[in-house]
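Look for chain A in each of the two complexes below; its partner is chain B in the first and chain C in the second.
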Partner chain A sequence: MRIPTAVRPAPAPWQQWWVLSGRVIRPTLRNGELLTPPAASVLFTIGFYIPLKQLMGNFLDGMSNYAQYLLPLIVLQAIAFAAVSASFRSATDAVLGINHRFGSMPIAPLTPLTARLSASVFRCSSALLFAILCGHVIGFRFYNGAEVTTAFWLLALMIGVLLSLLGDLVGSATRNPEATSHLLMLPMLVFGLLSVGVQPVEQFPGWIQPFVRNQPISQFIYALRALAGDSTPAAGAVNWSVIGPALGWLVGTIAIVLPLYAYQSSRRR
Partner chain B sequence: MAVAGGGTKAGLLFKGPRAASRESYERSPWRLLVQIRLQTARILRGWSRDVATTIEALIVPIALLFTLDIVLGKAISQVSGESALYGSVPMVAMVGAMSGATVGGIGLMRERTDGLLSRLWVLPVHRASVMFSRIAADAARIFLTTVAILCVGLLLGFRFRQGIMEALIWLCVPVVFGLAFCALINAIALYAAKALVVEATGLLYALLMFFSTGWVPLAQYPSWIQPAVQHQPLTYAVEAMRGLALGGPVLAPMAGLLLWVAAIVAVCAVPLTNGYRRASMRG
Partner chain C sequence: MSNTDKSVVVSHVSKSFGDVVALRDISFEVGRGEVIGLLGPNGAGKTTMVDILSTLSLPDGGSAEIAGYDVVSDPAGVRRSIMLTGQHVALDDMLTGRENLVLFGRLQGLNRHEARSRSDDLLAEFDLSHAADRLISTYSGGMRRRIDIACGLVVRPEVAFLDEPTTGLDPRSRQSVWDLVADFKSEGIATLLTTQYLEEADALSDRIIVIDHGAVIAVGTADSLKERTGGTYCEIVPRNFKDLPAVADALGELLSDKSRAVLTSSSDRLSIPAPDGATTLAKALLLLEAAHIELADIALRRPSLDDVFLALTDETISDIGPKPSSAKSAR
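Here is the complex of A and B:
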């Protein structure tokens, strides 16, 4: 007598990734969600530039104009806004139980996360593109060569990946789609304002200056500002002492978040 | 046997004159009050046990107020001659009210999806109680947020220079506008997709915040945009609250704010009730 056996399916990870990414991206093409990252880019550009131009115009650290000074912060805020929606999606997935379902299917543990991240990167890219376009309108220009400009875009996108990863983790931890997105949005504004993006570190009260100078957003802004360059040398030189800390924050945070994510998803199962 | 007995009992309960009294029970104004109290307590209890909501309604606005004081406080005080807190405390109170409105709106969507709304629709409760209890819960949340932000403001140096009466009215201004904003969000929430509502409302209140006199003084904006800044609801609220706390014109900004509130409520009332009825009768 033969014992009936089933053949274990051998799914293709790439195809799974493609299908799961489509699952996240396709609804956003229909429900208007695709329009929010560009809208956020425009909002942050006018929201920071128009009211603060006069007020902060005197403290530029020697840079040529306020648009050039402000753009890294606008880029970071726009990307963060796009990345925050990752938390909404992962919280929804966690609540609806689709993660349990995926866990019972022959899918690699990180594939659903990767698919959600790809959707977030897609949104971050559009936010980044529109932030640069808006910046161009108010007077921002790239002053360094093609390689350094490419490095600017890559660094900004990597920050987007990092923020999406963080948002995804927070979302699947809180399992509350309602509150999570806003929970992340205002803190982004708080960190953005408490950085060197709006005004130089010397303008802050003395007791908070060490925090302002060393917090990750400020380090990202120093790096992005140097990569974008300026007509004056005040933007900072592109060297490891400027770019290094930003990369350090990126790699370090990802190295902490990934094990946390693994712990989080294994605990739920 | 037991089943049959139960059947008879139910039959006795809902027969003849009892049916008529059940109808009046559902429509009794007194019952409405009792049910509103009950359901308001339900919503508030849910929020207070949810860490994320608590953080969003209390901690985050307070952090924003501290940040604004540190980052823009000095520069604004230099150009305007008075403490920036008289603009930023009201503005942060309003932002807290508005960001909380989204929590409420999406909570409403979730209750529709979970079927709670349709469940309440078939139970002998006053039809208006569900809507009114949401409004009452939102009012309570906004009031608590405003009090918390005020306490932090007092720590930072905010003072009421007028009287007790003015201070009490000051506390009610965010509630009035916050409720109108909640009506708007709930009306949108009953029709649009979830993720879009969260993001669109986030953008909306960020826009109102960046272009209000609580962010920077009016003179800091370019002259072409000043009329828009001057006549938007958040500026009216900030100016009315500035007048109530520091002194200055109150009547004109208050009238502007109430006009905005009336307009928002007038626009949202019909879509809100229709959307609510539709959401309740779904399935």
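Here is the complex of A and C:
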């Protein structure tokens, strides 16, 4: 008999979250996609550090070496790269009709998103780990003790969650995997290069300095740089005026994006 | 459950998208184990109806219950009671057939062991064991459709929505879907089948609901709908088409005015109403023999569901007049 006669079990939300996360992670183990975050970290490190070290070595705002100065940008680029794959995934789900099908099943509206975000955090963690390892090779070190170092990792991961959430929203809305990836990589590159990650704000032309100083990537870099510390005091102090704006961008954006997503996914027209 | 013998109760459901009326005042019921064919041309509102009943869309007015759960106030209850296979297969291409089945089993609350053994059973039942560990992206169209339906059966549904389930399938895969509908029936599962293949609705459905321009234009068994378009008729083909006027003369009273009116100089055959079936045929045969007219063929015919469908949808066009072109965009 093809049709089971047993009483339907009650679906458990945590079990649904677990299997939906596994659904996203399992293929990456099989098709080698899991190797892309480490590879990207190595490429970003080589691509920024080698050509820029001689050029920028004299403009470090008093920091001890360029590796210490550059690492936050490498971390952010690596995490952004990992987060874009979240958008690719959500756009694929949308276009295949999987979201539609889940909508007619006993699954809470936010469970598929939570699962994709968990898988994305898994990718971002691996990207972060390899970015730090690469940084270690070129001379980056943590200087501020265990607690502040933990805060560095947490902040970097929270940025990963934010970017994954943004990517997921854009992906679900556009329903076009390829276009979504391009749509997201380009701003990442532009914001990354027009930030204080590569050189101090004073090295930019005067007219663009307000943008460079205040845009979110720069604020994230200020905060990460301060949390990582330096052998000199030039990395910045760990206080609200340095960390606060980064947290503000983080919380503010999540506060806007999450209701948007909840609206988009629970909407029954 | 408020109404145990009715799996689906739809009353006065309406739905518009902006100015476009997709459904107007739709009412019908489906009993346990009953198969309902939902027929209609593209844009008639079939998919909108299924979307509302599967909680993907909200009705503007009216109400609907699935297995006793209201689609508006208790969507969770509805979602626990249905299976839905859409026109397009919705599965994870990056997983194998078995992994998809286990995934859906776990999503429906089965534990790991139950989900695995259930997926083994379904793979065997749907003749997919040989491809169980291949990625879905390598499957043929028929295999994809079979695994898609199998994923809807990891747990027992009370109501199955099959939205054009055999579109694009080869005859063998189509037959296996048809067999499945028979299984649903014997298991007491109500089935709502939307299709454009009239022979499919004819073969599988207990009752047929024809919708056009968002409204129900006919409800009944395939037989009763066929009666509505004129019932059985007798088709007569003379060996020489030039004899056709002579045939018409010879038949006299048996040839209705309506049938006479459609004859042209290029006709090669004519039809007469045959309310008495074989008796009418025998009378016609006697009259034609007496007139010494040689025949190529004479036979009793019943209207196909295609005839019914065309007649019914024609009627609504002439009844209501031409539709504004925007009505075509209604889903």
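What we mean here is this: the second predicted complex is superposed on the first by the 256 of 269 C-alpha atoms of A that agree within 3 Å, B and C clash if a C-alpha of one lies under 4 Å from a C-alpha of the other, contacts with A are read in each partner's own complex, and residues count from 1 in each chain.
Quick note on the criterion: contacts are C-beta pairs under 8 Å (C-beta built on N, C-alpha and C of every residue); 3 or more make two chains touch, one makes a residue touch a chain.
It should be emphasised that the depicted structure is a prediction, and the values quoted were computed from it without experimental measurement.
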Chain C versus chain B, contacts on chain A by residue: B
Partner chain(s) touched by A:198 [first = chain B, second = chain C, both, neither]: first
Partner chain(s) touched by A:26 [first = chain B, second = chain C, both, neither]: second
Chain B versus chain C as contact partner of A:104, first or second or both or neither: second
Partner chain in contact with A:85 - chain B first, chain C second, else both or neither: first
Touching partner for A:180 - first (chain B), second (chain C), both, neither: first
Touching partner for A:253 - first (chain B), second (chain C), both, neither: neither
Which superposed partner A:9 touches (first chain B, second chain C, both, neither): second
On chain A, positions contacted by chain B and by chain C: 27, 31, 92
In the complex with chain A, residue positions of chain C that touch it: 17, 54-58, 75-76, 79-80, 82, 84, 86, 88-95, 99, 103, 106-110, 114, 118, 122, 125-126, 153-156, 180, 183-184, 187, 189
Chain A residues touching chain B - in the complex, by the definition given at the top: 27-28, 31-33, 36, 39-40, 43-44, 46-48, 50-52, 54-56, 81, 85, 88-89, 92, 174, 176-183, 185-187, 189-190, 193-194, 198-199, 203-205, 208
Chain B residues within the chain A interface of the complex: 50-53, 55-56, 60-61, 63-64, 67-68, 70-72, 74-76, 79, 95, 99, 102-103, 106-107, 110, 192-196, 198-200, 202-203, 206-207, 209-211, 215-216, 220-222, 225
Residues of chain A defined as touching chain C within the complex: 1-6, 8-12, 15-16, 19-20, 23, 26-27, 31, 92, 96-98, 100-101, 103-107, 268-269
